[in-house]
Amino acid sequence: MYKVNFDFLNSRLGKIWDEIFSRSMLIQAIHEERISKELFAIYMLETYQYTKHNPRNQALVGARNISIPHKYRSYCYKHAREETGHEEMALSDVRALGFELPDVELLKPLPATETLIAYLYWISSQGNPVQRLGYSYWAENCYRYINPTIEQLSRVLSLQKNQLSFFIAHSSIDEKHAKEVTDMITLYCKSDDDYNDICRVMETSLYLTGKILSNVYVEYEQLLRGDISQYQFLRN
Amino acid sequence: MYKVNFDFLNSRLGKIWDEIFSRSMLIQAIHEERISKELFAIYMLETYQYTKHNPRNQALVGARNISIPHKYRSYCYKHAREETGHEEMALSDVRALGFELPDVELLKPLPATETLIAYLYWISSQGNPVQRLGYSYWAENCYRYINPTIEQLSRVLSLQKNQLSFFIAHSSIDEKHAKEVTDMITLYCKSDDDYNDICRVMETSLYLTGKILSNVYVEYEQLLRGDISQYQFLRN
Amino acid sequence: MYKVNFDFLNSRLGKIWDEIFSRSMLIQAIHEERISKELFAIYMLETYQYTKHNPRNQALVGARNISIPHKYRSYCYKHAREETGHEEMALSDVRALGFELPDVELLKPLPATETLIAYLYWISSQGNPVQRLGYSYWAENCYRYINPTIEQLSRVLSLQKNQLSFFIAHSSIDEKHAKEVTDMITLYCKSDDDYNDICRVMETSLYLTGKILSNVYVEYEQLLRGDISQYQFLRN
Amino acid sequence: MYKVNFDFLNSRLGKIWDEIFSRSMLIQAIHEERISKELFAIYMLETYQYTKHNPRNQALVGARNISIPHKYRSYCYKHAREETGHEEMALSDVRALGFELPDVELLKPLPATETLIAYLYWISSQGNPVQRLGYSYWAENCYRYINPTIEQLSRVLSLQKNQLSFFIAHSSIDEKHAKEVTDMITLYCKSDDDYNDICRVMETSLYLTGKILSNVYVEYEQLLRGDISQYQFLRN
């Protein structure tokens, strides 16, 4: 039986998170207590964008017309189901901050967000069917890394529970999900090729998520400067 | 609120089933007690072929990148999950009949079976996202029509429970599924267009399933005549 | 080098065409000089429906993310291009018959037509990448079979050239296309598996096309009886 | 008629190219005459990776099952065809440098390259069908920006024509292609939405291409350090 080197995955995760934290202007804005509701709202609206697609691309793994163990296929459908509609929490949080949203169907993801979305559809619909577990692995295990930052964010903006429902819901759900992902990797990562594919997707999707943080900050600066931005409505 | 005319759907189903029953040589072979284990095995192996794809094309509805009510999307994933692996029962039944199967990955669906598979992927991946409910509607409600025939089949071939596991499992699961499909149609069939799409898919997919029965019989006759058939192994 | 048995393909084609001709009520209506402009129009409008999709599913073969010889991939794009927009000729012929068409985007294919469309997408997007050549093989070689019937049709309805542009254009273009398809099969049908897949798709897609003829006639009878039909506008 | 602001597109291109040139270690290595054959080979092998997919995702635009002007659909097929097999020139150049390539099917794109590939499939298969023209617009017009660098590269490494066939072929073909893309944008960019989608895809795809340059350099450094790399064979 193949022995998955989770320690290496975790150490890679730690390094990439450190890199993201040390470079991200958004994270710095939180740590330096400069974060504003508008900046946080842009971040949550981008979270809405990619979260909306997660059940869809997760289901695509299960829909692949190749031989896949029933239990893993079944996991894909179950996980897709459990994530369905979670994007609404992100919208609800933005509304609870006091912002009035336009028709959200008209909002477009920022380039970095669209890039992550594109990447997740790609790795879900072709290549090694287990590789998407690399994305779930960090996504369901991210709270140990981001919780302190979210707590500080919450403190600085004096956020109420109904303004942080997305993170609160996920940090509790994701414990169970994290265990399920680990179980799936343990069961279906059966070779060095599987391991490398899972690791590659884990690293790349986390790196692309880091790019969303940068893009959100740049968009916020444009908004402050009065440049054209679809987020203009946040300033009204 | 749109009122779904289930009576019309049911009367259409009744008519198409009558047509299938009156024309199908396979059904006649059962009623005339001429059904053989080989003929039944071919039917079950074709059932294996399309059943294998059902969770995949069901999940594709939920994976569509368009606006779909969360509850319906969620139903698609749940239903996909509950059908995962059911094709194994069809194989198990054939093995329990005493046949030794070759590598099933090498078996190809008959033309009529491949046509149904193709049709289900098509109506699942484009067009009205509720239209696939038309397929589920008859598939989860078929036992009232086919049970007498299955009972006669069972009697003629003296089948044990482990040789009929596919039908036994489905006739019990499908009661719950039938209710869920009806609930989904009641909730999400909201216009004449929705209704017509559901009805069209219901009729066409049932008609194409009837064609599988014919194709199975023709293949069986070829086998008897000694013509080339992938089902040659059933005669050894 | 694999030797393709074109004689067998041709003899299979001959048999299936004979079967279609002997059973089709539409063909009989032509031979018995009972064909009407309305019946011909329904047939041309269904031809519009599937012809519209041919370049798209042809291009999907070339877009497949698997290893395919460049020359065959290139052929797929070339062929897709050469068929683009041909469906307009079918519409133009119907208009030249004197019918005023509603918004054609609102017309839906009949069940048998949608089944052929679904089948062609399926065999184009998965399975053996050369198998779609089986469809092209009969489609580009059909004029030897159907020309006498088209001539009789033309005589009975006193059709002008601008009312038969679809068939006139294709019977000349298709000579070149037929040669190209034969060349492609000769080059890329390299094993019994390839041959069987091409033959299966040839037979199944021709058989499904035969079903369109039947469906067109049934729809025409419904129209005559005054039943609900999207083709009601042909009677106004 | 909508007037496309090509000047703005060009000024955006100029800025992003400047940014790429000023930040890219690979470009600096060329300008500082530190470029090695190994580094150039890695770049060409990554070029092979995404170039291979370009005809496929281009054809997907033409295969979309939505209403698209025939002339634009036809352009997609034509362009797909003209780019088919061009990736072979990239391989040929690497071989002409003196490197012996392993089975290229086993080589995987670097993360940045896979991200561009994923993005191009995404923007080709959904969203505004004209948006992919934004990618072609910069790709077919890149030689004015990159030619001086390629010339310097050629000088530093004393490259022969058969070691630069990819760039030589494209810089001549692309003049015609650039005109065609401009014609298509002029014809089918018909609204601010179209323009914004084309501009967004232009910027994002060029930015992601810049990331490939960075990733290539990082991979090269890993190779120099003796870290694990699929490009180990370049050092043997």
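All chains are identified by letter, namely A, B, C and D, in their written order; residue positions are counted from 1 within each chain.
Going forward, contacts are C-beta pairs under 8 Å (C-beta built on N, C-alpha and C of every residue); 3 or more make two chains touch, one makes a residue touch a chain.
Computed from a prediction, not measured in an experiment: that's the story for all the values here.
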**Distance from the mean Cα position of chain C to that of chain B, given in whole angstrom** = 28
**Complete:** Chain centres from averaged Cα atoms put chain C and chain D apart, in whole Å, by 39
**Request:** Between chain B and chain D, tell me the centre distance in angstrom, where each centre is the average of that chain's C-alpha atoms.
**Result:** 47
**Message:** Give me the residue numbers in chain D that touch at least two other chains, ranges are fine.
**Reply:** 65
**Overall pattern in which the protein chains touch one another (line/ring/star/complete/other)** = ring
**Message:** How do the chains pair up in terms of touching? List each pair.
**Reply:** A-B, A-D, B-C, C-D
**Complete:** As the complex stands, chain B meets chain C at residues 108, 111, 114-115, 117-119, 121-123, 200, 203-204, 207-208
**Request:** Would you tell me which residues of chain C are touching chain D in their complex?
**Result:** 53, 55-57, 59-60, 62-65, 67, 70, 73-74, 76-78, 80-81, 84-85, 88, 105
